[in-house]
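Letters A, B and C mark the chains in the order given here, with residues in each chain numbered from 1 onward.
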Amino acid sequence: MNYLLRRLGFYLIAALLAIVINFFLPRMMAGDPVDVMLAGFDTSSLTPEAIDQLREAFGFIDAPLPEQFATYVSNLLKGNFGVSVARYPTKVVDILGVALRWTLLMTGTALILTFSVGVLLGIQAAWKRGGFVDTYVLPFGAIMGAIPYFWVALIALYVFALQLGWFPLGRAEASGIPADWTNPNYVMGVVYHLALPVLTLLIAGFRSWMMGMRNNMVAVIAQDYITMAIAKGLPDRRIKYQYAARNAILPSLTGFALALGFLLGGSLLTEVVFSYPGVGLTLLNAVNTRDYPVMQGIFLILTLMVLLANFIADSLYILLDPRTRS
Amino acid sequence: MTRSEAILEAVSLRKVFHTGGVFSRKEVIAADDVSLALRPRHAVALVGQSGSGKSTVIRMLAKLYDPTAGAILYEGEDVTTKRKRRDIFDYRSKVQMIFQDPFGSLNSTQKIDYHLRRPLRLHGKVKNARDERLRIGELLERVSLTPVDEFAKKYPHQLSGGQRQRVAIARALAIEPRVILADEPVSMLDVSIRISILNLLIKLRDEENIAFLFVTHDLSSARYFSDEILIMHKGKIVERGVSAEVIENPQDDYTRLLLSSIADPSRVF
Amino acid sequence: MTVSQPAAPPKRSPGLWASLPDWVATLLSNPRAMAGLLILLALVLVAVFAPQIAPYQPDRIVARRDLPPSSEHVLGTTSLGQDVFSQMVFGTRISLAVGFATGTLVVLIAMTIGITSGLVGGRVDNVVSMIVNVVLVIPQLPLIIVIASWARNTGPITIILVLAATGWAFGARVLRAQALALRNSEHITSARLIGEPIWRIVFFEMLPSMISLVAAAWIGAVIFAILSQAALEFIGLGDPAVVSWGTILYWAQNNTALISGRWWTFVPPGLAIATVGLALTLINYSIDEITNPRLRRIRIPKDAMRKPESRPREEPSEQGGLVQIRGLNVDYWTATGPVRAADNVSFDIRPNEVFGLAGESGCGKSTVAYAISRLHFPPAIISGGRIFVDGQDVLAIPDKQLNKFRWDAVSMVFQSAMNSLNPVITIGEQFVDVIQAHRDMDRKAALERGRELLEMVELDPDLIDSYPHQLSGGMRQRVVIAIALALNPKLLIMDEPTTALDVVVERQILQRVKVLQREFGFSILFITHDLSLLIEFSDRIGIMYAGELVEVAPAKALYTDPQHPYTRLLMNAFPSIHDDRTGRYGIEGTPPDLRTPPTGCRFHPRCDVAIAGLCEVVVPPVVSTGDRLARCHLLSEEYAERAVK
């Protein structure tokens, strides 16, 4: 439990850092941040009260920095991430709400898939040196690591959706079916739209797990307890999974944060390519319209999600490694 | 044996380590009330099993760790609290150390002569390049790495463990120290060459009047090399005395246990 | 000399660069690394000579819009009518420049932070490593986007700065860990002790050992930079007026090139990025292989790998021992060919006896032990000989039946007690799995047997529910011994079982093993380099030197009257506890390199009684007299005759 508490403290610090970055970025730029924010917009529709409201949401009040920061944090704690300047007066939270669900669906599915496929392939590559996975899949993965995610998505979209017509060209739901999760047709539509983006993420993303797992496996296989397990005459399956993989997966979990970060970045861009109505597409629109409140809101929310996912991975670690429990 | 003045003395050294992170801190007493004195041409063995605190003591004497309490006296002067670069440099120009791992203590990217040239230059032992070459040759000869020109141009990985340990000894000698602290200098070497390294150290002790502290887990080599043996157990010195005396007539229970555990074919046959 | 001369100008020390030639040579001899370097070089040349290579100005409108590839425009034109090929060529400049500049900046930051933190240690290091981990846990792309969008002016320079500011943490973590490990190494401590100044320690002692890591970090950072740059530009955060691979993709996406099927605007930039990535990955892969020998593959010819069971069966000799080893050869394959680690080794282990095997590190004693359990895996191969255990031809057992054979007749206690147990499952599980793999016994009964075995090695049976890390080293070794006895084996191999332990614990454990051996009547093959211990503990002893068995004798005979000069010298080479401290000397020279073993008798270069003209030429015969044998010319009849003459 001590271990989890320590990790929790660490994530609180990380969250604080993200908030600090968010808070200081606008203040580091030349000129009045709100003026910058509004630079590209027709401000005639905004009343002076609305502008003040914006100021307050970001803590741009006439007060010393610590007080500004306090205002900003207390707003965040109340769930107030400010209002969009491009779609004024829609709240950032409301814009994100729907998008976040689609992103969670896509990234979550991709995470589970890339993790399982990558880890299994990594186990196999290390276990059978010179086997199929080691000889062909591993170099393929290495090459995929050097190709931009979104470009893989572009090619997949071009080949499988546009040329072959196997998959839809974009969006998340089938048109003409009302959103109803109890309706199998609707769910099928969602799955159909999800399939290609997730597959491209899998193709482009399994490698980071595979490489990590394979390197850990190679290191673990050289350990004395593996030699002893072989000498004990245990069945190969037991040595491979209970002795080698069980130990090799532990460092993979500690590298979880990094891999998740990459995957998330990839999935944001994949959304852009597939016009998938998630956070990535929202972010793109915000970038194009220079909608700073939305951008910053997205950054913060995504960071918190990643921290949460990491915390879950840490809890899993405790289940798998008895040494952390004492 | 005339009992000469101590060069280096440890007086009631104590070292407490704090382990754990920010949230949970534990105290470990690694060494407690350890006193010893090193004299010229005299070897003291500090014998203990792993975790007994012997490595902590030698590291305090090399000024790699600061003692929590107690004092280190060099020629009667208290050097415990001297932390200035210059002071530590001066101290180490008199007190040198040899390590256990002959594979790890040399810089694998540099040739052997580099390892000797650096201490010679740093401590101003040579005047010019010719002098430097001569000194390096002389040092290699003293540790029996001949032909010297051949060895000077080799990389550490081209040498055997015993030869590397000789280089480490030559490096310490280059500084012309009065005290050498040897941390398990033979325990990682092949059995067949351990004795020759010990014999080399004995020769240096006798011919150059060097004071030795010999840290080891092996009572037999402690007896072979040292004039005096200190037995360390759980951070404390439990027995001390002239080598033969400690081994033939042990007083402490732990020493007796240790002695009865050591393999000795002469006891069986 | 009368006048003290000023110090001669010191020659430029090789320092950091001294390590390069070796390292670079290895890298260049690797075909993959070579391919990567060549691709990279070609791309750099394209960037440098872009004006000469490109047929058009990249931003000039030179033709109609959206033309497909033709001989005029190899990669067609953009939606504005610019030549795509020329844009690609010029784009190489910005993309590579940003990649290399960011990579270099990232590595410099990472090195400064990582090495400082690792070197200073203590609280500074605690804080720095926490900051590094915090930065790593924050999702990078959203952070980059937010920073880049606030920076507004997003030309290449801004992109470099933003990417460097967010990308340094990974390299810093890796380099810090390495610096920390190095700082505590004896090599750095030695440098500190002779008084090396800090800057020399960093540049001459640490950096050369880290150079491959730094190179890998640089390559990783360049890949990261090129990918992130493309992503930023793709979503419109770059300067669209600058021609780079990323902006070509941006314009393609903005002009709906995909939907309209104009593949020539979006396929080439991706391929170009992939090519850079591929080249860098190839180099990184090779660096990995060079620095991590475990990833290296050694080619072993097919006929060396032939299965032992394909050899004709043979029967063990009737009057021989429980274990009969006949002419055993074990080869370790290296990049330069096989090295024979055990050469024509033959001996017997009798029922109910402790057979000791001694010799220096690398003499082949463990190699022999592993062969008995068939525990050699490529690159180690049993290339000849026979091993019989209780009448069974061990080398003829088909692979599929090996699991049944292992541990049942022969079990083994390994060198490192600390690491022989699986750290993530309980002691009980590790009894249950081995018992159930060999016996038809339910879980409960197997656990009960485990408790019984723990009691046998004088441990609390309740330890069955603990994990290995909860036990001390000595306790763990007792557990391993208990597991080794679980199936009542005929032979227990103990390979330096107590080297890592305290002498007191060692003695207690060995005494217990001896009691159990007498009680259950199994045989022991006991391996150690500690000859005194071996003599006390064993009934008979074999001495190995340079892969060969040079003497076998009953323990007492070996102790009182060693026949082989090596045995004699070895016994003289270490002090005994009740020693009078005279007449001890080591053995001249060092054990030979097995790649080039000495001719004739392998011990002749170190032997004090070698016969010139004989020992370095003729391989000595194995001379057996009564209960003992030795491999030495001095004992042979031929020599005796010659001596008489």
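FYI, a contact is a pair of C-beta atoms (placed from the backbone, for glycine too) under 8 Å apart; a residue touches a chain by one contact, two chains touch by 3 or more.
Worth saying up front: this structure is predicted, and the values here are computed from it rather than measured.
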{"item": "Chain occupying the most central position, where position means C-alpha average", "value": "C"}
{"item": "Centroid comparison with chain A (C-alpha atoms), farthest chain", "value": "B"}
{"item": "Chain A and chain B: spacing of chain centres that average the CA atoms, whole Å", "value": "54"}
{"item": "Centre distance in Å when chain A and chain C are each reduced to the mean of their C-alpha atoms", "value": "34"}
{"item": "Centroid distance [mean C-alpha coordinates] between chain C and chain B, Å", "value": "31"}
{"item": "In the complex, chain C residues that touch chain A", "value": "130, 133-143, 145-147, 149-152, 170, 223, 227, 230-231, 234-237, 249, 253, 258-259, 261, 263, 266-267, 269-270, 273-274, 276-278, 280-281, 285, 292, 294-295, 297, 373, 375, 402-408, 411-412, 414-416, 419-426, 433-434, 437-438, 467, 469-470, 480, 483"}
{"item": "Chain C-touching residues of chain B, taken from the complex the two chains share", "value": "22, 49-50, 62, 64, 89, 92-93, 96-97, 99-101, 104-110, 114, 118-119, 121-123, 126-130, 160-163, 168, 171, 174-175, 190-197, 199, 217, 219-221, 223-224, 247-248, 257-269"}
{"item": "Residues of chain A touching chain C in the complex", "value": "10-11, 13-14, 17-18, 21-22, 25-26, 28-29, 36, 129-130, 142-143, 145-151, 154-155, 157-158, 162-163, 169, 215, 218-219, 222-225, 227-236, 238, 242-243, 246-247, 250, 257-258, 260-262, 264-265, 268-269, 272-273, 283-284, 287-288, 290, 292, 295-296, 298-299, 302-303, 306-307, 310, 320-323, 326"}
{"item": "Chain C - residues contacting chain B, complex", "value": "4-8, 10-11, 13-14, 18-19, 126, 185-187, 189-196, 204-205, 208-209, 360-361, 502-504, 506-508, 529-533, 535-537, 556, 559-560, 569-570, 573-579, 581, 584-587, 590-591, 606"}
